[in-house]
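The block underneath contains the structure these notes are about, expressed in structure tokens.
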Amino acid sequence: MDARPFRRPVVSPAMDLVELEQRARTLLAPTAYDYIAGGADDERTLADNAAAWGRVRLRPRVLRDVALVDSSTTVLGTPVSLPVLVAPMAYHRLVHDEGEEATAAGTAAAGTVLVASTLATTSLEDVAAAAPGSPQWFQLYVHRDRGFTAELVARAGQAGYRALVLTVDLPVLGYRPRDERNRFTLPEGMVMANVGRSTEATDGSAIALYAAGELDPSLTPADVGWLRGLTTLPVLVKGVLRADDARTCVDEGAAGIVVSNHGGRQLDSAVAGADALPEVVDAVAGRAEVLVDGGVRRGTDVVKALAMGARAVLLGRPVLWALATGGADGVTALLGGMREEVVRAMALCGCPTVADVGPDLLSFPPGRP
Amino acid sequence: MDARPFRRPVVSPAMDLVELEQRARTLLAPTAYDYIAGGADDERTLADNAAAWGRVRLRPRVLRDVALVDSSTTVLGTPVSLPVLVAPMAYHRLVHDEGEEATAAGTAAAGTVLVASTLATTSLEDVAAAAPGSPQWFQLYVHRDRGFTAELVARAGQAGYRALVLTVDLPVLGYRPRDERNRFTLPEGMVMANVGRSTEATDGSAIALYAAGELDPSLTPADVGWLRGLTTLPVLVKGVLRADDARTCVDEGAAGIVVSNHGGRQLDSAVAGADALPEVVDAVAGRAEVLVDGGVRRGTDVVKALAMGARAVLLGRPVLWALATGGADGVTALLGGMREEVVRAMALCGCPTVADVGPDLLSFPPGRP
Amino acid sequence: MDARPFRRPVVSPAMDLVELEQRARTLLAPTAYDYIAGGADDERTLADNAAAWGRVRLRPRVLRDVALVDSSTTVLGTPVSLPVLVAPMAYHRLVHDEGEEATAAGTAAAGTVLVASTLATTSLEDVAAAAPGSPQWFQLYVHRDRGFTAELVARAGQAGYRALVLTVDLPVLGYRPRDERNRFTLPEGMVMANVGRSTEATDGSAIALYAAGELDPSLTPADVGWLRGLTTLPVLVKGVLRADDARTCVDEGAAGIVVSNHGGRQLDSAVAGADALPEVVDAVAGRAEVLVDGGVRRGTDVVKALAMGARAVLLGRPVLWALATGGADGVTALLGGMREEVVRAMALCGCPTVADVGPDLLSFPPGRP
Amino acid sequence: MDARPFRRPVVSPAMDLVELEQRARTLLAPTAYDYIAGGADDERTLADNAAAWGRVRLRPRVLRDVALVDSSTTVLGTPVSLPVLVAPMAYHRLVHDEGEEATAAGTAAAGTVLVASTLATTSLEDVAAAAPGSPQWFQLYVHRDRGFTAELVARAGQAGYRALVLTVDLPVLGYRPRDERNRFTLPEGMVMANVGRSTEATDGSAIALYAAGELDPSLTPADVGWLRGLTTLPVLVKGVLRADDARTCVDEGAAGIVVSNHGGRQLDSAVAGADALPEVVDAVAGRAEVLVDGGVRRGTDVVKALAMGARAVLLGRPVLWALATGGADGVTALLGGMREEVVRAMALCGCPTVADVGPDLLSFPPGRP
């Protein structure tokens, strides 16, 4: 991948994600904004996700030659221009008319991977077609209807997706007060394209209703093996926060683990990604690649994750704010800005390549176990 | 007990206990609100009770089959639909005309246990009659008049109560600035039905006056034995915060220990229930059941208490807010909502039964001893 | 000393020291209020003094017979009705016309000891005369003029003081921004009665000027011995925050150590009294009595200090707020209220006597060394 | 050096650096104020620099003779009246017409060292001439043009500078949102006098553009040796935050290490100077002198740095606020006030000389590793 020489001026567009969110908020229906921004219960884990990265301090190296800094890497063999992927998120059309197609195009232009959601408002085939030749992954919710689930897997393979990301932290939907109060549902005419349905209005969250009715709460480790039997694609398991679970998944053949608490939207009080990552990396011991999401907002957060042993991070909500405000170009600009941040943080840490980022860069806060 | 299959949509009524309290507040006399909401001195322990649960993080398990989740359990042999009992609290008629009778009916409808207070504004016989056939416990203050106390114990036995909860953390009343300022007293015509008296107006809190004049500050461990000699009911000791005291009580024949600082209303600066629970569980070593109260507001708090080794928790102030706003139905709805929360938290933690909840779910904050 | 039986109602006057300070503030010249309320530099240690007591949690014992609770004790052989003395403070006439005479009378009525200041606005003889027969101590600043200092010591002996408290943490005055900005000086006609002088106006704090000109910055441990040679009274050393210094003072014959950072008025950033106390108690190992001041505001703070091994605490600023608002009676009421608080805290901790208060009552916050 | 006897009144001008900054702000162009006050990204490290000193507590010694307190010391053999130097900062003319010449004169009058910046708005020769006979050091940025860099070194030698301070934490400029938003550039007609150029306007920070185009991002430890070969002056390396890097620099012949995160302007999330200092002191083990900067605002901060093993500290932004409000005299007054603070803190810690300041004075917060 290309290395960024610092001979040319590095002048990033101002990366102010707080401002980006505020701009997006003015453009969105309040219920759509709340659906994306919100978390479970008291939004304690939502807040802690970002705070946990902030608690970690960096110990930069000096006097390393960083005339050329290369932020590119590979994730499960897929080359990416920076160690940041786009996290799977439902319903992109809530924020922009071109929905997932714009996100796919914008992500491809930035040289990285979109993880398309089962609950997309664009069919997985159309998402794939929106970024021809660019690597994409598919996120899978196992439905109670296993035949339908197997069909989704087959369609993803045929459409050229490079990996499957099996979400395991949603046996039931977390309680999300904003959506319950808003009686959140998809707008008239908007459908979950992969499942060919809209949501049904109810006296609470329509998503909670869908999840309770359709998604399978009975998954066990054997289902990782079941899924592997359906496909030749590598399988990542997303939603793991413990060493034992990570080991089990790898034993069942998972090629990757995504350390995640679902952006603070499922179990409120769950440990933050940054706090759970080290034990998972340790447990996996190199037998699979480890990714992490939740609260990543800065290039320095990405460097911290890599230093803890993550292969890459997934970026979530900010991508939807960028989509809302700028469509495909907004997504590309966001990821480009993030790449500038990662490159700058690497340079300031004395790391010309991603492989140079190591645990010696980390300083944990006093008292950490 | 019934298990909740997640096939049916789980759509709880919005559980916003902050809003519930605010609604109750608008309905109540300010002095009644203050009496219930307030704590001792600077209300430091009152605040810490809730904060202590919040400091604990959960490490959810994934890929466990949680298609059926059963929140039921037993407490000292009494079956309950969820591991949450209603804590003993004085003066329910302060907040609703039907007082403890409504609480008893509402609690019974939710399938759990009300711990009726010695200082109820309804006689223990009427409380029992309000929920015929449903298990209830009786909370006991030992009065200086031991004959009268023995009479209370006898009446509780005859009325069908299943256990006695001996409160030991009130040798004197904690200093409660709100009640002193308000010169809190029971309204004209309202009586402590079990003792057949109203409170006497004074230049401070009438409750402090009653407690100082009537309650026995000379209790020792031998009194646990004395109480056991009066009854065949199992005795729980409530208000214990230390390993040594817990062991002593069990040695004296206590069947249960309630870890409690009296909702922050007695000794300000006392350790929070969540902080004291582990040492008590450890000390008791299975020889008695351990319960805990103070600051429990979420299903995740309940799961944390169980994971620390509690058999169940007691819920206090929110029950009175629910009683104030909705009578018996309000209490049932609150406990039903709490049951939804517990079930959801169990599902998201990968625990189909209460027995599956274990200490591996806990992550303590950095630096905890 | 008398024991307080709880048979009689305990109804204290509302102890709201925040409100007491606010009332005093409305009565005082702003410069006088600032002089008393303020601290050094950024008032970090001033704030930390109170916060440090708050960080400590109590582990109350239950099922102890506390029908009679006795808060009395002795300090260097002087009997006091509660383990709280009045700290030495300058210039009582700033807040009340009767100045130190009122404080002396009020303190004596409450059955405890006033530590009269060298910088009093009443002569030490008049202070003694204001509370005939009641035990008092004298706080000593060693002046550059050692003859004058020896004279003060002789006068204190003749006037009947029972102990000398040698202040050692004021080789120079701490920088107190409020007084510098206010150009604080004693009002026209008010004198430091023991030294027979007023303060001189300057472009900053007149006290800083006096201290720099008159007080001796060259004290060494030998001066403790020098002072002992001048008197038969026991000598306490005040302003010690370290084990080594405490040991040195005891080796030089000190009968008591007062752990103190001068109420946060000298070295900003100095450790809080509550944080320094344990190491001093440990170092002194029973060879002298240890007292502590700084930030004590509640009966529970007093119990915490005793549990850490202090013999008693000194109460400062609140006494001047009480003097300002109520004269001698105000001081008596404050100390009476504090005694109620101590008795109540002892009862709720299961301690019928001061000797029952022990280190098992303490729970330190996570991570404390 | 002269010792300050406390016989004479110590009455400092009010040292209120917050107020000083506010006064300066009213006098400056907002973009100039932002350039100086701002930090990188979220200004987390900027805030932590000051907070980290605040977290450390002091354990003052008492009963030491501090009648004479001497704050003077030497730094790399250069005598200074206090262990505080003026940190290298760019563009002094932004805040005062006389720019670096006034700073040089004011610093010399205070008896300490100015570290003149490569990016000064006054030529290094003119800076030297502004304080004839007074010791000054020169801060060096290695430019891509090594010939030009060597020329700077030669000029510094000829102009009489006593040491070179090689900055190594700026391979690229940190992202500074304020400057990007302000499109910060030097005002019309103002030049970087040593390099003979102004900055070029761009759509972001002109400084970022200059740094990216001109400064050398390829430095390695060998360049420390390269620099030593160009000069007989001692070389300090500035921007080190780790033990390993410090050791490497000393191995390459560095005579001094400046522990620094560039005032929070480079890598946001970098450890604070106060947190990194102990490991660097340890690693260097007396083979070089260690200095530190970042967040020093009080005499007590200076004493803490010395107690951790620093030889001296560098003071940054406050010097520019003093220059803005008072020119050379303002700088002298600031450093004089800081000297009063250091002397007072030393006296209150029982340290008559800088050599008396030791690690026993430090108390780290609970839980520190």
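As written, the chains take the letters A, B, C and D, and residue 1 is the first residue of each chain.
Quick note on the criterion: a residue touches a chain if its C-beta (ideal position, glycine included) is under 8 Å from a C-beta of that chain, and two chains touch if they have at least 3 such contacts.
Values in this document were obtained by computation on a predicted structure and should not be read as measured data.
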Between chain B and chain C the C-alpha superposition rotation, given in steps of 5 degrees, amounts to 90
In terms of residue numbering, is the interface formed by chain A and chain B classified as same (over half shared) or different (under half shared)? different
Let me have the rounded angstrom distance from the C-alpha centre of chain C over to the C-alpha centre of chain D, please. 42
Separation of the C-alpha centres, chain A versus chain C, in whole Å, is 59
Specify, in ascending order, the residues of chain C that touch 2 or more different other chains. 366-367
Quick one: in the complex, what on chain B touches chain A? 6-12, 14-16, 54, 56-67, 298, 300, 304, 341, 344-345, 347-350, 360, 363, 366-367
Please give the residue numbers of chain B that touch chain C in the complex, ascending. 41-42, 44, 48, 144, 168-169, 171-175, 177, 180-181, 202-205, 208-209, 212-213, 216-221, 223-224, 237, 239-242, 244-245, 248-249, 261, 266-272, 275-276, 365-369
